[in-house]
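Labels A, B, C and D are assigned to the chains in the order they are written; within every chain, residues are numbered from 1.
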Amino acid sequence: MKINNKYINLLLTIVVSMFIGAVVMLILGYNPLEAYFQLFKGAFVGKLNLGTTLQKFVPLLLTSIAFVISSRVGVFNVGVEGELYLGAMAAAWVGFAFKGLPAPIHLILCFAAAMVVGAAWAYIPGSLKARLGVNEVCVTILMNYVAKFITSYLVNGPLSAKTGVPQTPAVADGVKLTQFMKPSQAHTGLFIAIVVVVVIFWLMSRSTTGYKFTSVGLNPLHAEYVGIDPKKTMIRAMLLSGAVGGIAGAIEILGVYGYFLDNFSSGIAMDGMLAALIVKSDIKMVPLMAFFLAVLKSGALGMERYTGVPKSIVDTIIAIFIVFATMEALFVFNKRRKAKKEEQSALPGKQN
Amino acid sequence: GCGSKSSGSSAPAESGTSESKAPADKPLKVALIYAGFLGDKSFNDSAHEGALRAKEELGIELKEMESKEPTEWESNFVAMAADGYDLVIGVSTQFQEIMTKHCPEFPNTKFALIDGVVEGDNIVSSTFAQNEGSFLAGAAAAMFTTKTDIPGVNADKTIGWVGGMDIPVLHDFFIGYEQGAKYVDPEIKILQSFAGTFNDPLKGKELTIAQYSQGADIVMNVASGTGTGILEAAKEQGKFAVGVDLNQDDVYPGSILTSMLKRVDQATYLAIESVVKGTFEGGKTTYLDISNGGVSLTDMSTMKTALGDKFPQDILDKITELEAKVKSGEIKVNAYEGFGRK
Amino acid sequence: MELSSIFDFTLIYATIRAATPILFAALAAVITQQADIINIGTEGIMLTGAFAAVCVSFFTGSWLLALLVSMVAGAVMSMIMAFAHIKYKADICAIGTAINMLALAITKFGIKQFLGTTGSFTSPKIIAIPKLHIALFDNNKYLNGLFNNWSMMEIFGIIMVFVMSFLLYRTVWGLRLRSVGRFPMAAETAGIHVNKMKYQVMLISGILGGMAGAHLSIGYSQMFTENMTNGRGFMGVAAMFFGNANPVMAWIGCLLFGFTDSLGGRLQSYGWPSQFVLMMPYIITIAVLAVSLWRKYVKEAKAKSSLVTK
Amino acid sequence: MESVNEYIVEMTDIEKSFALVKAVSNGQFNLKKGEIHSLIGENGAGKSTMMKMLYGIYANDGGVIKIKGSEVTGLTPKIAIEHGIGMVHQEFMLVNELTVLENIILGFEPKKNMIIDFDSAKKEIQKYIDTYNMDIQPNKRIDQISVGEAQRVEIIKTLYRGAEIVILDEPTAVLTPQECKKFFEILNSLKADGKSIVFISHKLNEVMEISDRITVMRQGKFVDTVNKEDTNTAELAKMMVGREVFLNVAKKKAEVGKTVLQVDGLWTSGEKELSKIRGVSLDVKAGEIVGIAGIDGNGQSELIEAIAGLRKVEKGTVKLDGVDVTNRSPKKIREAGLTHIPEDRNLRGLNRRMTIMDNMVAVKIDQKPFAKGIIQNHKEIRSFSEKLIEKFDVRPRNPLALTQALSGGNAQKIVVAREVDADGKLLIASQPSRGVDIGAIESIRKILNEVKANGKGILLVSADLEEVLSLSDRIIVMYEGKITGMMSAEEANEDNIGMLMMGGYSEGSDKIVQAGGEALS
C-alpha cells in the first residue's frame, strides 16, 4: 500500500509538471503536443535515441548510488563529481599506459585503479569528518574544484596525447566497452552499472555492512555502544561511495570516449545527486529517478533537434519538471499531510 | 558591439523544422554542431556569423546544435548526419575524434571540421595559425606599453596575457604572443595567467586587474566567455586590452588596441560555399594563416578615433612590416606541440 | 619573482573584491542555516538576481531600481524553494539544485527573449551601482589604492556581516530563529511559529542572494553572462559551513578564500603551473578549516582530561 | 463545595489517535485551582498525550477542553500560554546552544527598541530565583548545566511566562533524593502562591507525598480520580497496572564467585570538572550486585563509559574476567564478556529509527547464526527477536515496529532483553528503571536478580537511592569523581549513604578517601 503510493505520487507529479510545461509552451507559442511527442521520441524511439538515454542513464545511476551510500552513514557527499573525474583519469591512465596486457586483466586493472583512486579521494573528507568533525559539504564542494584542476593539469601536461585537444592517448582497444545500438554511444557499461547497483542494493539491505552503515547513520552513539566503530564505518562508507564514483568515471571513459577528455563531465554527479535527493535517498526509487532524469535529458536533445522549440525553452521546461518532481507531498491530501506533520514534529527535536 | 550582431540567431533555429519532403531543388541542408554555446563572443559566434552569411548569400537551410556536455556532442553530430543533412560541420577541435569515428559511416554526407584536421574522403578540415596572429598582437602590445604619452600607459616594459582554460591551443596563442613581443623588445616582461574556465568573466576581470597592478598596461584576451571580463577590466581601470577571434575593438572603444582575428567565419563560409558551388574536395585541409588572411589584426581604426593624434602610428607601420616578413617566411613563428602547418 | 609586486598593498582591496560576491552568498546561506535549512539554491538565486539587475538597469537606467528588482527576483526564487520545502516537503537540497537548474534555464531564455542576444550581454546603457570615490584620497597612492572606488556593495557587504551578527545574537527575532533551527519543538512550545520563521529567513536569503547577483552584474562588472555565478553560490555555502553559520566566521572564510585567490592571480604571472595556482585557494581553505578544528579538538580534549587540573 | 466553577481546567471525553495507535480513548481530567493534582499510569497510558492536548501541541480528536469555565478550541502552545498554562515536558524543551537566560525568555523576550533587554530579564528572573529559592546560573549554556538545574530552568520558564497552571511531566525522574526534596518545597510554595499544578510521575511514594488528588489512567482510558487521603500506594499501583504489584523483591544471596571486574586506579576525562574520574578502584564479583550511589554528575557516567570502552582511560587498568581490556574497543570489551544497559536508552541504548528486530540483534550482528560472513540471515534474526519479545513481554509484539513508536517502558525492555540475553560475565546496569512505570520496574528488578542468581556480576548505577538499596549486595558511593565510601548492604541506609553522596564521611564505610583521591583497601 505504502509503496504503491510512492510510485503513484511520482507519476502524478510527472503528469502535473508536464501539464505546467505545456502551459509554458503554449504561452510562448509552441505546440506542446508536438514537443512532448518529440521528447518521447527523443528518449525512446530509434537506436540513437534509446541508446542515448541508456548511455546517459549509466553515470546518473552510479553517481546517485554513490551519493546514497554515503548518505546511509549520514555523510552528505557532494564530492562524487571529483571522485568521478579522478576515477576516470585513473582508468584512462591504466588503459593507455599498460597496453599489451591481456584484455580481461587489463580491464579489471582499469576498474581497480578507478575504484582505488575514487575511494582514496573520498577518504579525505570522510576521515576529516569522522575524526575532526569537519563539515563534509564544505570540504567536498571545495575538493571538486581541486579534482578538476588535477585532471586538467594531467591531461594538458604529463598525460596529454599532444594532439591539440586536451585529452589523453586512447586506451587499449581491449579495455573499451563494447558499444551497442550504434550509432548511439550506449555501451556494455550499462550492465556493469546494473551489477554494481544490485550488489550495492544487496549490501545495503542484506548484509552486516549495510546494517552497520544504517546504524551509524541513524545513531552513531548507539552504534559505538553496541560495538560498531562509527568513525571506521563512516570512513568505510565514504570509501565505498568513492569507489562507486570512480567506477562511474571509469565506465564513462572506457564506454563513451575511449580516452580522458578534459572537463568531460559537466556536472554528471550533480545530476546524480539530484536524482538521489528527490527520492530522499530511497535506494529502491533511485534507479527510477535516475532513469527519469536520463529520459528527460536525452528527450530534451530530441526536442531540440526536431522541433522549433529553442534549447533555452527546452531547458526551462526540464527545470520546471524537476522542481515539481522534488515536491514529495504534492499529492498527499491536506488532512493526511497535517497528520504526517504532527507525527514528525512530535519526535523529539534535533538537538545536536 | 558584437552583442547585437548575433541577435538573429533565433531565426535559423526555427528554420530547422524540417518540412523535409521538398522538391529536388531544395536548398542545401547544413548543420553546425558546437562544442559549447553561442554567445561566447568569439569562436562559436564567429562560426555562426559565417554560417549566417552563407545562409544569406547562398540560400542554405541551417540548423545549429549547441551543448556543453561532451557526450552530447557526439550524439548531436550523429543525429544530424543520420537525419539527412548534406553538410555537417563540427565547430571545434573537439570534434576530431568524433568525426574520425563516425564520418566513414555516412559516405553520402559531407563533413567539415573547423580548427582541426581529420582525414577522410568526405571531410574538409581547416586549421588556423593562431600563433602567427598572436605574434602580431604581441608585437603591437610590446610597442604600445612604452607609449607613456597615452594616459594609462606606464613606462614599465610589461604586458599581460590572460587565457581561459589551460589547454594546448592557448599555448599556441601564447607562444606567438611571446615571440612577437620579444621580437620588438627582448627585455619585455610578459605576465601569463589562466582563469581555468572559459565562462567566468569575473575571474577574467580579477586576473586582468592583478596583471595591471603588477605593471602591465595592456593585456591580451584569449579566454572566450571569460574574456568579456578582461575587456571590461581594461575599460574600468583605464588600461588596455587586445581582443581575440572576432573584432572586439568596439566593445569598449578606446580601451581595446586591436583584436587578433581568427577567421572562423571565413572557414565556415568557405566550407559551405565549396559544397554549394560543387568544389568540395574531400580530404583537403585549409590552413588559414597570415598569408591568406585567415588570421590578422584589426586595422585599429577604433583606437585611432579614440586617441586622435596621440595614436602611435608607428605600431601600425611596424605591424604591416612584420606581416610581410611572416608572409615571406623571413620570420618563422614558433608553434606549440601539435600545432602549426601539417 | 618580485615579492613586492605580489604582496602589494593592492592585494588588500583585491581580496575584498574577490570575497564580496561569495560573502553575500555566504550570508544568504548563514541566515537559512540558522533555521536548519541548507540553502543550496543560493547559486540560482544569485543568477536570477544578476539577470534581473542587468535587465532593469539596461531598460530603465536606474541602478537603484535594478537592485530592488533583483532583490525581488531573488526573493521569488527563494519563496518557490520555501514553498516546495516547507509546504510540499521537498528535500531542501533537491529543490535547491532544481532551482539552480531553473535559474540557469530561465536566464538563458531571458537573455534571448529580453536582451536579444545569446551567451553574454554588455552595453554602455547598463548603469552600475555607484562606486564611492573620495577625491581627497586621489593624491595619495596608498589611500587611493586601498580605499578609493569601493563599490557600494562591497561596503554594504561588510556592514551586513555586522548587521546580521546583531540580528542573530542581539535581537528577539534572532534568538527565536536560533531556537527554531536547533530545536524546533522547543520553539513551538514557546509559542513561536516555526514555519513562519522559516519562510522569513528564506525571504531574507532570497533578498540577499538577489543582491549578490546584482553585485555581480551591475556592481563588480556591468554585464550578464550565462551562468555568470560560476559556483560562487556554492562557495558561499562552503564559506557558511566554514564559519559554522556564524556571519563573522563565514566572512573570515570568504576573506581567506578571496586572499588566496587574489594571491594566486599574481603568482600565476610568474610561471607557476596554472592548475596548481588555481586549486590553491580551495586546498588552503580546507587546510585551514581542518587545522582549526583539530586545534579545537585538542583543546577540548585537554579541558576534559582528568590529568589536568584547572 | 463541588461546584463546577472551582475547576480551572476541565477535560472531558477526550480522544486522540495517532496513525497507528489510539493514544487516548476516554480521557477525563479536572484540575482545581491551587491544588497539586497527580496524573499517573503505566508507560504509554496516555498521560503525556493528555497534557500535550491541553498545552495545544496536539489537537484532540474528540471531547471538550475548558479552561476557567469556558470551552477552548484550536489550542496552540501560544494560546495555551496566554491562558496561563505552562508545561515542563518529559523531554526538556531547552535549546542546548543557548544560555539558560535565553531559554527562559524565549518567545517572551523583554526588549528595548529592537534589542533584547537582558538586564531587565535577569532582574525578573532573579525574582523567581529568590522567591522559590531555586538555584540557577543564567549565563551558563544548557549543555553546561546539570539535569537538576535544567529542571529548575524549565520551571522558571513556565513561571516567567506567567503560568498559573503548571504541568510537570515526570519532573522527578532525573532528580536525586536531595534534589527531589528541594523540588517538592518549590512545588509547595508554588501551591501556596495559588498556582495549580499537574504532576505526572511513576513514583508512587512521591505522588502520595505531594498530591492533593490523583487521577489514574490505563491504556488511554480514565480509571479514577481519588483524594490522597482516601488511598495508598498499593491501591494506586493496582489501579495503574490492573493487578497487585510487588516492588520489594526479596534479596536473595547468590553464591559469590571470582572477580569479574577489577578496576585499578582509573583516571578518565570528564564532561565537567567535577565528573572527572581521578583514581577510582573497585571490583565486582560473580554473583553479586554492586550498586554505585551518588548524585548525578559526580562521574558515574564517565566511569561506566571508561569501563565499557566508550571513553579513553587516561591512567589505570580495567580487567574483565581477568583480561586486561583497558582502552580496548567497545567490540573487544563486549567480546571479553561485558553487557551494558546504558543510562540513556534513546541516546545510546536504542536506534530509535530501526526496528525492534534490528535493535534486538544489534550486539550480535556479526555472529552466527545471524550472519555468515557479511550475509545477514533475516529469518534467524526475526525468530530470535520474536522469542525475546515474548520472553520479556515487549508490547507491541511486532518485531518490525520502529522502536521510536514504543513507550518508555517497552523501549527499556528491549535494551534489557538484548543485554541480558547476550549472556556476558558482567552486566552494567545504568539507571535501568529511569522513566519506567511501576510494572516495568518490577520486572526489570526481577530480571536483575535472576541474572545475579545465574552467577553474573552486576554493576548497578542509579540515582534512585531506593533502587540501589533494595538491589545491591555492596554499595559504593561516588562524589566528585572519587569513591567516598563502600559498604555492605546491611550497613547501608538512606542516612549514611546520603551523607557520603554529599561528600561527607560516614562511620559505616570501610574505606576512607585520602587527600590524593586514591582509595585505600
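As a working rule, a contact is a pair of C-beta atoms (placed from the backbone, for glycine too) under 8 Å apart; a residue touches a chain by one contact, two chains touch by 3 or more.
All values reported here derive from a predicted model rather than from experimental measurement.
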Pair exhibiting more inter-chain C-beta contacts, B-C or A-B: B-C
Remotest chain, subunit C as reference, centres from CA atoms: D
Centre-to-centre distance between subunit B and subunit A (centres being mean Cα positions), rounded to whole Å: 35
Distance between chain centroids, defined by C-alpha means - subunit B, subunit D (Å): 75
Distance between chain centroids, defined by C-alpha means - subunit A, subunit C (Å): 27
Residues of subunit C touching at least two other chains: 112, 182-183, 185-186, 188, 273, 275, 278
Of all residues in subunit D, the ones touching two or more other chains: 57, 95-96
Residues within subunit B bordering two or more other chains: 10, 166, 196
Touching chain combinations (by label order): A-B, A-C, A-D, B-C, C-D
Subunit A-touching residues of subunit B, taken from the complex the two chains share: 10, 13-14, 16-18, 65-72, 74-76, 78-80, 82-83, 93-94, 96-97, 102, 105, 116, 165-169, 196, 337-339
Subunit B-facing residues of subunit C, complex: 5-6, 8, 10, 14, 17-18, 21, 111-112, 115-123, 216, 220-223, 225-228, 230, 261-262, 265-266, 268-271, 273-275, 278
Contact set on subunit C toward subunit D in their complex: 170-172, 175-176, 178-179, 182-183, 185-192, 301, 304-307, 310
Subunit C-facing residues of subunit D, complex: 55, 57, 76-78, 81, 87, 89, 93-98, 102-103, 105-109, 111, 114-116, 267-271, 273, 276-278, 314-315, 481
Residue ranges of subunit C in contact with subunit A within the complex: 36, 38, 80, 84, 87-91, 93-95, 97-99, 101-102, 104-106, 108-109, 112, 182-186, 188, 231, 234-235, 237-239, 241-242, 244, 273, 275-276, 278-279, 282-283, 285-286, 289-290, 293-294, 297
